[in-house]
């Protein structure tokens, strides 16, 4: 049995990963679902990417976690990449990207998405420093395997995202391909969060060098629509 | 429950969509499977694309259909695109392309297939204005998930296709991406009707702008080989 | 019921194809799983590609096999292509490539893999003329759907591969697309044995001309991890 730390994506928070975590716990694993700084109520809305990364490093240290499987979903890929570069050797047993961004040094999330996304985010960013995902895109492109009711119910639980976490460039001492721990990439085949000419896999997975590919059928929101499958795929990606 | 109008592909007619329709009807939906003009016995063999489109518009008006989910399979994508551009707002609730052609203004079906298909069709077109699909291609590329008996039985029910419907350029007032109703694209992952360097998805689906992707395992002939799955995927693509 | 001859891949031998063969035999088929020359104990370690091909031709003749479905997995695709070019018409009813190499005249296996694979093989080739697959690559890229124990158990049954079978250029009188018998290509969708920018399908399958595509979920080692599915997909690919 392994210890999993699942790092959520943008507009999400740790509680939204609980259905997936529950299925892993049923199999006997220990699962942590921390909320990244900036995504909890009362967190500063101008949270930097570095602070977001630091909050997960701090969580791991506070909980004295060791030999963990560190999973990042979507924006969480930015965060786990930073965490993996900062924690002590032995902290992470395996790194698992789940339709997640894989940055090299100096790249921001906004460098890894289409220009029309960046333009839309720029235009929609609020005076308080946050940005929200528009419902029509959430409905059609991110929850394409859900009913409208399920999609709306999930949307109602989202939180505004500190936009600096998208625009800050990450600082890394090494490319992820050079990290010493093994890596996996989980690709859900109906995840249209990224467009087909800039896909999650293999565009981003290839930046990992040698990695284990695990696939399943589902949207970017498969953690809501099919948490049992998401958990099963995470376990297959996360095992030795 | 919704009202579906399923528009068949080339060499097909409405009756061939009945197994799929029956599964949707079992779920409580109302399903129409009209035959496009040119594909019914006695129809003129030099039917134009405009007449083909007009026949479905006329069907919708004659049946007083409103707020429908309009589904087009293969060549049916040419037809539903024209229909969507011509009918009154509110007629179509959602447009669903099922491994279907998506034309912009001025494009013919023959502009959207490989040159060697066009050359083959040109050579095989009959003096009466029709063209037939050769059995070896039907067998290997379009019914790759069927037994030979199933493939032959389906082939025996096909009809000659008026070739003008492939060579006529469509007239549209707007690109499909600018249509006001939401759109879905169903892609069956073993559909080798189009070659891999000119695939159905994402080459044609991308012309829809924001759309909902739904996928399943099956060939271009999945309506014959697995009508239950085809119906289930149509329902997922067609719901709000 | 058909007669299948399944030709294994590099580092493999006929016995390793038995679990797949057993499932086909349960359905009533006759299945042969010969070992390619060079891969059996005591075979010359500098076996040429031509001798490898000749050994399967000799097996077919010695067993008086006729009207067979000839299946090649991975490197076995090099071998069955050569066999198909050399045997008498009528010997092969259908040719089935299973995540397999498809060479044209004058191509070696090493011409069909990434440069970094060739460089790695060159560096790792032994003085006795063989080359071995490194375990870390086997584990992550070729057995990504297995547990570590399953991956290790399979690895322990592999044999050193005569490196000449990778570097020898094949001699063919015709391209495989011009072979008279029908062809199928089975692509397992998590087979990361080839990298995503040089995939098995459609890069190699397209060299067959008109072919039947069959897909399933699994790794390059699906014959170990899911022999029932591998057998079922082979039967779908191999039927008339």
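We just call them A, B and C in the order they show up, numbering each chain from 1.
In this section, a contact is a pair of C-beta atoms (placed from the backbone, for glycine too) under 8 Å apart; a residue touches a chain by one contact, two chains touch by 3 or more.
Remember, predicted model here, so these are calculated numbers, not experimental data.
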Equivalent interface positions on chain A and chain C, same or different at half: different
Angle (degrees, nearest 5) of the CA superposition of chain A onto chain B: 120
Separation of chain A from chain C, taking each centre as the mean of its C-alpha atoms, in whole Å: 38
Of all residues in chain B, the ones touching two or more other chains: 189
Touch list for chain A against partner chain B, complex: 136-137, 140-141, 144-145, 147-148, 189-190, 192, 195-197, 217
Residue ranges of chain B in contact with chain A within the complex: 182, 189, 201-202, 205-206, 210-215, 236, 239-240
